[in-house]
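First up is the structure itself, then whatever we jot down about it.
In this document, chain identifiers A, B, C, D, E and F correspond to the written order of the chains, with residue numbering beginning at 1 in each.
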Amino acid sequence: MMRRDGRAANALRPVKITRNYLKHAEGSVLVEFGDTKVICNATVETRVPSFLKGKGSGWVTAEYCMLPRATHTRNQRESSKGKLSGRTHEIQRLIGRSLRAVVDLEMLGERSILIDCDVIQADGGTRTASITGAYVALADALQTLVDNGELAANPLREAVAAVSVGIVEGTPFLDLDYPEDSGAEVDMNFVMTSSMRFVEVQGTAEAEPFTLEQMDTMRSHAIEGLARLFEIQREALKA
Amino acid sequence: MMRRDGRAANALRPVKITRNYLKHAEGSVLVEFGDTKVICNATVETRVPSFLKGKGSGWVTAEYCMLPRATHTRNQRESSKGKLSGRTHEIQRLIGRSLRAVVDLEMLGERSILIDCDVIQADGGTRTASITGAYVALADALQTLVDNGELAANPLREAVAAVSVGIVEGTPFLDLDYPEDSGAEVDMNFVMTSSMRFVEVQGTAEAEPFTLEQMDTMRSHAIEGLARLFEIQREALKA
Amino acid sequence: MMRRDGRAANALRPVKITRNYLKHAEGSVLVEFGDTKVICNATVETRVPSFLKGKGSGWVTAEYCMLPRATHTRNQRESSKGKLSGRTHEIQRLIGRSLRAVVDLEMLGERSILIDCDVIQADGGTRTASITGAYVALADALQTLVDNGELAANPLREAVAAVSVGIVEGTPFLDLDYPEDSGAEVDMNFVMTSSMRFVEVQGTAEAEPFTLEQMDTMRSHAIEGLARLFEIQREALKA
Amino acid sequence: MMRRDGRAANALRPVKITRNYLKHAEGSVLVEFGDTKVICNATVETRVPSFLKGKGSGWVTAEYCMLPRATHTRNQRESSKGKLSGRTHEIQRLIGRSLRAVVDLEMLGERSILIDCDVIQADGGTRTASITGAYVALADALQTLVDNGELAANPLREAVAAVSVGIVEGTPFLDLDYPEDSGAEVDMNFVMTSSMRFVEVQGTAEAEPFTLEQMDTMRSHAIEGLARLFEIQREALKA
Amino acid sequence: MMRRDGRAANALRPVKITRNYLKHAEGSVLVEFGDTKVICNATVETRVPSFLKGKGSGWVTAEYCMLPRATHTRNQRESSKGKLSGRTHEIQRLIGRSLRAVVDLEMLGERSILIDCDVIQADGGTRTASITGAYVALADALQTLVDNGELAANPLREAVAAVSVGIVEGTPFLDLDYPEDSGAEVDMNFVMTSSMRFVEVQGTAEAEPFTLEQMDTMRSHAIEGLARLFEIQREALKA
Amino acid sequence: MMRRDGRAANALRPVKITRNYLKHAEGSVLVEFGDTKVICNATVETRVPSFLKGKGSGWVTAEYCMLPRATHTRNQRESSKGKLSGRTHEIQRLIGRSLRAVVDLEMLGERSILIDCDVIQADGGTRTASITGAYVALADALQTLVDNGELAANPLREAVAAVSVGIVEGTPFLDLDYPEDSGAEVDMNFVMTSSMRFVEVQGTAEAEPFTLEQMDTMRSHAIEGLARLFEIQREALKA
């Protein structure tokens, strides 16, 4: 089965990471996975959530939002609905956990890094693009703290990135775009660190339960894609 | 490494399913996974969410709540906070998706089944107990519709159940209780159908990313535990 | 006129009080007035509301909730509505006032006791069952403080209980069940202490105003029923 | 024991009812119980709550609010808190029930009368003044419907009024002002119809439970006060 | 073109300011612009918003509300909607800014004055009447602080008042009443100080953009009206 | 007095309008006023607000939001606060009114155009940039309707744009950037149509009331700036 855009089953879309995208944030990245575009802004705050106060440890958290017209038809703003959807809660908790997995929070000291992931255009994979871009914004914000002398060393232990895999008409595909994703029977997201260990695995059968063999093929595709994403992050951070 | 309660690494806690627990609901189950106790009440409604109106298809959804003092220290009620937490949203979406995976929604017709999962005592695994008990409450509610002549046949395709696995001090354990869960390095939840296919896989590294080998051991434990849960459900439904 | 369940006009339904019902709370009671079942969990907190801070006095308060399917047809959760109904506010304020009437708050010191009354099955009289059961949960929580040496003496002055009376087709009946209550012309609730003094009297003409003579008959029935409830509480606490 | 303002124990404060107080409402009354001043505006709406639609019956309901500085120290607005307090819910439900007790809702037809009770100055007894004044605003609004030919006859069956009684330093007093009320051991509110039957009885021991004898004295005072309030209403409506 | 009530194009409606209108507030004014009636209550608080804490400076702010039946048809209460409308936000911010323009906030010290403007009857110009009356309530509250010795001198620098102007069927009119306002093509509000300088200018073309010449005529009318309002304020404060 | 960036007192910052900025919206513009960057997305909806249903007329409205880190320090999201600030309400009402002033709503028919203005970087003048850019997005969305044959002719009557003027250290300056704006004594916004008529005039004395002469100078600067903005819009729409 051929993919709509001619990609191989285990190929990523073109991925682009632009650093210093906006001027105010300590780290500011525009990440693009094909037509999916997310602005990731990292803010350093000199306070921690109340459960960490006085413990000498820091925190990393994230917020996620879509512009109302990031999507094909317009979505109502969560600010005018007066509450966040379950989907938003789920995604921002996922981004935060993924980033904390690669930061030595004690080295960070009593500081918080808050990453705002704002999707300005959506075409599938907004959460995986967000994690992948947020890592780079986080790295920039932490390096600023080192450069300013506020931190003696960078508390990043390794990189983190994420990718989706899905089963479309029975075939496992890497990095689904929106048309593929909306027709997928199974949708999985893998978050890994650059030592190729898992931080999060989330798989959902949208239409039909999946077998152990299918899970293994999806996992292989994801590992290949993630290896490529770690390269792209490294190149972006070198520039 | 020995488990606090002497269980084998791949053993479930004592599991008990009490049907017809309360008198008003179309299906009413008390499910116990050790000291975790959840009331699952199934309600049949003769309407569907607006996106399904007029399409001839039904819906299954769930709500999840804990009594404030289900836990060791008291939690504020979400009704007095005025909103559901991210965790609650995530769990109730998971329960709903899991149940829908085994129901033929077209056979159900324009009806909704809403399963309320109310945790009256929590000791780890409340979401997996909820799914496992909710299936039985759902089966009872659907059977009532068949018995009443409202449905020609039961739209259940197979059973669904869920179990947690985690890595505690480096060792993968099945069906964590609260003390194990709160110290686990990795926490995974598996939702499977009785044909031993996956509906949901969720794994999170709380402290330390996990390797491919660790993921495979956890998956094996889960499959063993789920096979046992399907037996317990079958026995309960025979009674 | 005969009652549906054959009871005398001035008879209570079978009342049952189960202590130590759940394991985490300092006092945990399941109270049953016929088919009405309420879990009353008492939590001790070492803080007081802001208006009492630094005054050396304690507080007793309550929260009240029904499982959505405690009733014949399902009620929407107040947590998903995002606010408490007027009825819930009224009931939880009533339970709190009733309990405070029998506690020496200065002896309690700067502590709060919060009683959660969660109705798992409703068949009329949920507020009166809640007060009657909450008293026992409160007594257990306070005794724990004495046993732990946190309090020198028990600050309970006497017992408190509550019962409903109503006029159904012109006849005053004690302790209405749901079918009686929904057809009652007048509904009264009496909260008394074991010295047979009144803490709360609430009477409402649902359909037809009532005379002074009717009020006096209802009051007599209530006093008889309450005398019996105080015995049942005493027996439960002796066990 | 002497009352602060020299009144007899069973005397009302000066009561004044001003009709046609504001120009837009179908009935508009300023009611004063001493220094307590409440604007009662009646609005006629040609719709009914959803549970009454198509049943041919009408509805009467009320809303209650205080200006923030109606009281000695300022209260935060409920509109900026974003929710109504329990006290407000309780009072507006009470006012609505009291008024419905004297209206033939079937004669009213599919119309709602909504009475807004806005306390502009508070000095005790705001809920009893509200009910007493709201009745007059309601009578004016209903008479307008008769005068306009929208109703063949006035659906009012009799009058309704309310008064408070309390025990202050052991003595039962009628119609407490704020200083008396804030020091009262017991606080009761009686709502009666002009046929001297009870619509609502609410008694609360704020400090000390009360005896049956005390309840009877309070009831006598209330009956005397209410007889006088019915006269004042009648005079106001004649004017 | 003749005005409905026979006024000249540049004439105010009868304006009346009643001081000491209600008894609890530190300043309490009923202001009437024709049939528009607003109660303005000033409250002195010994705290400041958090952004001013410890800076030695005070604050003046306002809240604005309409009784539901201040208007020809009833408006839903913002407290039962659970949020303030955009219009309310806009008006209360405007009143607050206008008053702060004439107060020396440093002389006020760490105190807040909060002016509640509650419209009991609306007939156009509620925001301009509110500002004009709020100034007098503010002056009374500040004078109380001077009289009590809490302030050495009065921090008022000059007076502030407001008036509306609009273009109705092509003609600029001063101080629109509701029928004029609802048909106006352009609506402007001017807030000035008694030294005849501008604090706020707000002009909106409701139907048709307006020319520079029209703006100049409206401004002239406003200046005339404001000069008269300053006289009325001075007379009220002398009384 | 010299401006920080060397501009003349009556000069705009560099203004840039990029059409077709994002791919899903019917009109999508990135507008830049110096470092202020706003994405304006126009959505066509085939429904109208309820007050317009069945009247044959259309509607144009706007929503306004800032990314949390559009500003120098991070702002909390309005979606997590659960409500829109007064400032946001004010701005989105202003944008909507400004756009409606140049659209023939009857020619538009029963359709709504909703313009989302999302500020991704803020440096003063976000509301004036939003209006200026929103006009271009609106023009593109309306032209699409004409091109699709859904509208016979374009219902735009003329162009609309907006600019700010302020008094900084006594001197009137056009198009303030953030440092100028935050120190300005007076802040005015002018919204005009391309026939050089006024839609909105808003002037606020932040620190010191302003004279009639100062208002006239600010107005002259605004008129010059707006003439230039109309040219820039025309060039952008030609491209």
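In this text, a contact is a pair of C-beta atoms (placed from the backbone, for glycine too) under 8 Å apart; a residue touches a chain by one contact, two chains touch by 3 or more.
Chain labels with UniProt names: A, B, C, D, E, F = Ribonuclease PH.
Here the structure is a predicted model, which means the values were calculated and not measured.
For the copy pair chain C (Ribonuclease PH) and chain F (Ribonuclease PH), the superposing rotation over Cα atoms measures out at 180 degrees to the nearest 5.
Centroid to centroid, with C-alpha atoms defining each point, chain A (Ribonuclease PH) and chain B (Ribonuclease PH) lie 28 Å apart.
Chain A (Ribonuclease PH) and chain D (Ribonuclease PH) have Cα centroids separated by 60 Å.
Taking each chain's centre as the mean of its C-alpha atoms, chain A (Ribonuclease PH) lies 51 Å from chain C (Ribonuclease PH). In chain C (Ribonuclease PH), the residues touching two or more other chains are 82-84. Chain order round the ring, anchored at chain E (Ribonuclease PH) and oriented towards chain F (Ribonuclease PH), is E, F, A, B, C, D. Interface residues of chain A (Ribonuclease PH) facing chain F (Ribonuclease PH) in the complex, by the touch rule stated above, are 22-25, 28, 35, 37, 39, 41, 43, 45, 63, 65, 67-72, 74, 77-84, 88, 114, 116, 118, 120-121. Residues 83-86, 89-90, 92-93, 97, 101, 188, 192-193, 195, 197-205, 209-212, 215, 219 of chain D (Ribonuclease PH) are the ones touching chain C (Ribonuclease PH) in the complex.
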